[in-house]
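After this come two complexes, each holding chain A, first together with chain B and then together with chain C.
Right after this comes the complex of A and B.
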């Protein structure tokens, strides 16, 4: 089916997320205005205005009341989802690379970049405690001594945060003790994205080392590897099928030396268990920076370096396709 | 010596003490000039060697000049009247190797004694003279015996009792040709990847209808420092190191031999695999020539070293081998030197004098050398074929207006094609010793070696020729010509009677290389590098294009030795991204893609020549139907086993996964109260699915505005 093209960003898309019901898509880009769209028809609902720099990350609370964005203007901002009102500005020393609401939406976290002599840290705020936000005093600061955090999500039930690092490591950080619980190094290049499966029992990591890998969330046991011939920028697990989708492509700086004809900017579908590629979706004319499945698994979206978000609804054949075994 | 050192040490200690005292005193009083002269009872116990040992080493010795002197025996005995003439002759022969400083002709009763002494300016010249003139035939009765004077000392000290050298234990490396025993004729190849960090030998595991991942036979980090080479028959793998070359072989790829040659850069095997030639550009340190060394491959002994003249623009291989490995040859400015491997000396002790020889090449099947000389003052340019060792000229072809020649032998040695670049105008550039040609056109001189008197045909081409290649064992040739974007590929066939006919011209192609299958008939046209890796597979039996495809930015095309597969690669040495090698069938069907981090080089392991006689091959070809049935059945079987294996593997994977899932689902169920607590008691677990069930389409109507328009009723 023909995809819906969401054209509301002036620069490359950095992250896209669905809300829990899947009726809304939240997108952020290197321009400073994150947007929210109807997933059904691609109509833009509104923007969150206030940032003065590239927005690296976006998240929405489970009840779709609040939106969190992290930006290169050294702020992480909390918005009222419905009105677009800025609820809080959390100032940081460096750019905010990843952010997220916890399962309950009562706490939020973000990670900062390691630049200008400032260390890379995870900050955790309790949203219910307004003094924390107004005084800019986070409930918890977890420093990451080793390598910079390039992707982070909450673990299930708010016990720990799963972080992906620039050197390819994936770790668990306990949010109460700040300790590093587990650390595995299956990738040898930066982790670009981490996404959890619907029941949070598995996570998939996307790395610049041309692979995406599936891990058991609780133990970070390496389960599967999906190999491609390009850096992988984002990977997502289907909520209904045993499928994963990988988005990526040659880095923007190398694009001129490669051919677009070969279709290196395709979204690639792999079977989750067999690690075999079975389908590709083309369309972007730049690398894909973020992919996300609709919570009902019947469509998915991809956002690319080309500034477009494409919402693809699967054809019935997709659901009929079976691997022989 | 030890005692000396002790003395020195104690003296040093004393001195430092006194300096301390001086310092203390000096701080109070006016500093006194220290006394440097030796005390009266001082005995100088330092030897000169200790003080200036390095200088003394350079002190001239009595024996210094001795290495420069050669002794020549078997010189004709002549009277005083003819000494001057003899000296002239001797000078002529020996001044080739360097300046002669002194010459001494011992006389007895007014006659020379039959031996003479010559002194050169350097030992290198003397050695060169010995190497080249020992055994020189002056005339029928006089064959020179030339030795270094210093050699006399060496041979005087030879012990009388001969001690047999200890036998070297035999090291069994197993069957070097084990890979040929594979019943399915599976080929191996070497690959270098990770930018040269890793080298592996792989086994190609593609059969006609089933594809499997290649099997790694051997993988070693830092196996080679630059690149690898297979020997011509595939028995050995050569790796390059700073210190020299190592050869590997056998089933486990054990080291077979090492050849120490610091800084080695280029190597070449003799076709028979008996000799190895290595080249190092490092400046030669010792007196022996060692820019190029020829080794006995099996024993590892150095057979002979050569200098490498940098003046002639030589291209590797400098030494070219005859097909049987009996002879090897090189050319310098005005000579063609042919050496015998039985003695490692010049054939008949002299080089062929061919003034201004530009290039030569051996026939791949017979001991024939083809060479060409350019135009010289009213003498036309010439291509000559000579037989070795008889040196008989068997064919001479005069050519006019020649700018350049390139010789291409057909692999069986049936034909020689000389590509001649001709000009319509030549202009001498005055200040430089070069000629500028204009109006270049091309033609091919086709020599039919197998026929009597070697008839020659001519094919002309007005356009720039980019590549030329013979069908390895057939009568066809193809060449690429024209300027981009109007590049064409022409195919020709030589009929049994000798008639050259054009078969087909493929126009407007993007190709700059052409690769014939080693079995003939099929050819791959490739537009490598700047032509983006366009590939075209052509069957020349009926001149059909079987496939037009591309391997983007491909840098290399390699046919496997059986002509069943083609490997194309994007080498990291040529292009920094998308490094991979792909394997195609000979019809141009893509069989396998192997992306590989910083892949550098793929080389198929060569196979030795078939041991079947032409009659046997004919017999096989006749009964091909019978064989192909058998092979097809095998292919089917293999394909079905591959798919059953795959399905079994999948089944196993899914079982494991399902076990994991049920566990996780139980856990998930177990934690439900916790989730409810976190989200204020709202169950969001199957929100996605439920949302759809409750989804109803609702049409909401708004009144936007009411407008009244008058319509003309007329």
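Right after this comes the complex of A and C.
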């Protein structure tokens, strides 16, 4: 395969996401301009101008009309997807670490960092109620007493939010009662990323403790572990094959002290069920910070510390490959 | 349609002071093969005119309505002024092909590699059975019972061999502590460090020498040949590049006895090997910097 390299960021990529149909890729980086690209040819559609700091997270509504970004400049911003116009600025006390639209696109949530004496909180806004956004009064504030939230996604049916914490915990937070429903601690280092499978029946967590783990969404029952020899920054489940892809590499702060050969910057493909690695894709010059599958499963993208997003379209051999067991 | 670029000689251009504008760019569309060719002229970093030919394959794809609508969205933000199509400044199609490296039974392969040095040692007859001369300890010999009557005879042979040929021949299995059996000096109490099953983990570092300034083509077998005359070698470690397999120019040799190692240092240091002069010295114990 010949990957398309998207070079629209000046600093390391923090998150990439496809929209529902997969024709657009949304990328954000530690520079202040999130970008949107056509996935088919890598053409840049535009960028969202307004942030004044690193953008940690990005999400797009199901109908690709609105984009949500959370940044270290203590704001979470809502954008019009088509024109790049800023629709709303939600001011926070600390940096926004993760954000997301609910499935219906009617509610949005973001989580804030536990710094400067402020607690880590999840804020939930109802987008339909314009007074909430204009008055900066979230519909719900869920405090996370224990540990900082480092990754968060909506659970199915918008009933709860699945959060990954700095101490390795994964929790369910009920949206209506603000209660912590379930909490499991399978990882012993911070969780860098949580992604759901296409039908949301499973979630995969990527952790700094060199593993990615698969959980049943509803119960957070630990099902599979994918072991590597490097911190895992991101993991995604293929929508069509029984595969997962893991992106990672040694920590960014150590990268300059070693060569790319031993930096382990390749994306690793594991079999979902057998937990065994069967393939690797090289290319990045730094650790991979985010991976995402195209919703049709025929391509995937990875964004790295080197500031590049690489869009890989699988060769037919990938689909012919059968895992031997 | 392609415009004819009016021919100009370079001399003319120089005379005119090079204030001519660049030839206009042209676009050509081959409808039969759906291939679009764009020819552009520009100055490169050295100020020379360069012709750039870009060939695109135009594809028509059916897409959902929503996708098709989004395809016609106007560019905005940093991409506002970009022409239609990917901007080569931030969309780069990698020229070289990248393949997914397929990994099958990776762990198995690694284990094999790790075991390699052990296998080599076996071939050197570090361990040989006194009953059948196989590569195993006498106690584990499959013919122990069947060949038991012959054992006495074999032991005597062994003794003779050990007496007549010193050196590497002395490497026999650790003897059972029964009376009447020959125990080579190197294997007697207090001298048998670094033998047997603990060999790999608890290596006696005192008899290790470091050889530097080796040529790139050096193999482990070369080193073995070179150092064998000084005494039994426990282990040879030749540092090799992970990818190319070429020597990195240094090696560690573990002898069984420190005296052998000392002799090897005296004998080989300054020895011309290939085209280089070897440097041999005591290895610093690992773990100390």
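We take it that the second predicted complex is superposed on the first by the 318 of 325 C-alpha atoms of A that agree within 3 Å, B and C clash if a C-alpha of one lies under 4 Å from a C-alpha of the other, contacts with A are read in each partner's own complex, and residues count from 1 in each chain.
Convention: contacts are C-beta pairs under 8 Å (C-beta built on N, C-alpha and C of every residue); 3 or more make two chains touch, one makes a residue touch a chain.
In this text the structure is predicted, and so the values were computed from the model without any measurement.
Asks: Considering only touches as defined above, state whether A:204 meets chain B (first), chain C (second), both or neither.
Replies: neither
Asks: Answer with first, second, both or neither: which of chain B and chain C does A:103 touch in the superposed model?
Replies: After superposition on chain A, A:103 lies in contact with chain B alone.
Asks: Once chain A of both complexes is superposed, is A:250 in touch with chain B (first), chain C (second), both, or neither?
Replies: Touch partner of A:250: chain B, not chain C.
Asks: Kindly classify A:3 by the partners it touches after superposition: chain B alone (first), chain C alone (second), both, or neither?
Replies: So A:3 only meets chain C here.
Asks: Touch check for A:220: first (chain B), second (chain C), both, or neither?
Replies: It touches nothing on chain B or chain C.
Asks: With both complexes superposed on chain A, which partner does A:324 reach: first (chain B), second (chain C), both or neither?
Replies: both
Asks: Kindly classify A:21 by the partners it touches after superposition: chain B alone (first), chain C alone (second), both, or neither?
Replies: both
Asks: Just to be sure I read the superposition right, which of the two partners does A:158 touch: chain B = first, chain C = second, or both, or neither?
Replies: In the superposition, A:158 touches chain B alone.
Asks: Of all the chain A residues, which ones make contact with chain B and with chain C?
Replies: Comparing the two interfaces on chain A, one with chain B and one with chain C, the shared residues are 21, 23, 63, 261, 324.
Asks: Touching residues of chain B toward chain A in the complex: what are they?
Replies: 532, 552-553, 576-578, 580, 595, 647, 650-651, 653-654, 657, 660, 664-665, 667-668, 671, 674-675, 678-679, 682, 684, 687-689, 691-692
Asks: Give the list of chain A residues in touch with chain C in this complex.
Replies: Residues of chain A touching chain C: 1-8, 21, 23-24, 33, 35, 37-38, 40-49, 63-64, 82-84, 261, 266, 269, 277-283, 310, 312, 314-315, 317-318, 321, 324.
Asks: Residue numbers of chain A touching chain B in their complex, please.
Replies: 20-23, 62-63, 103-106, 156-158, 198-199, 201-202, 210, 216, 223, 229, 239, 242, 250, 254, 257-259, 261-262, 272-274, 294-297, 323-325
Asks: Name, in rising order, each residue of chain C that touches chain A in their complex.
Replies: Where chain C meets chain A, its residues are 61, 63-64, 66-67, 70-71, 73-80, 82, 85-87, 89-104, 106, 242-243.
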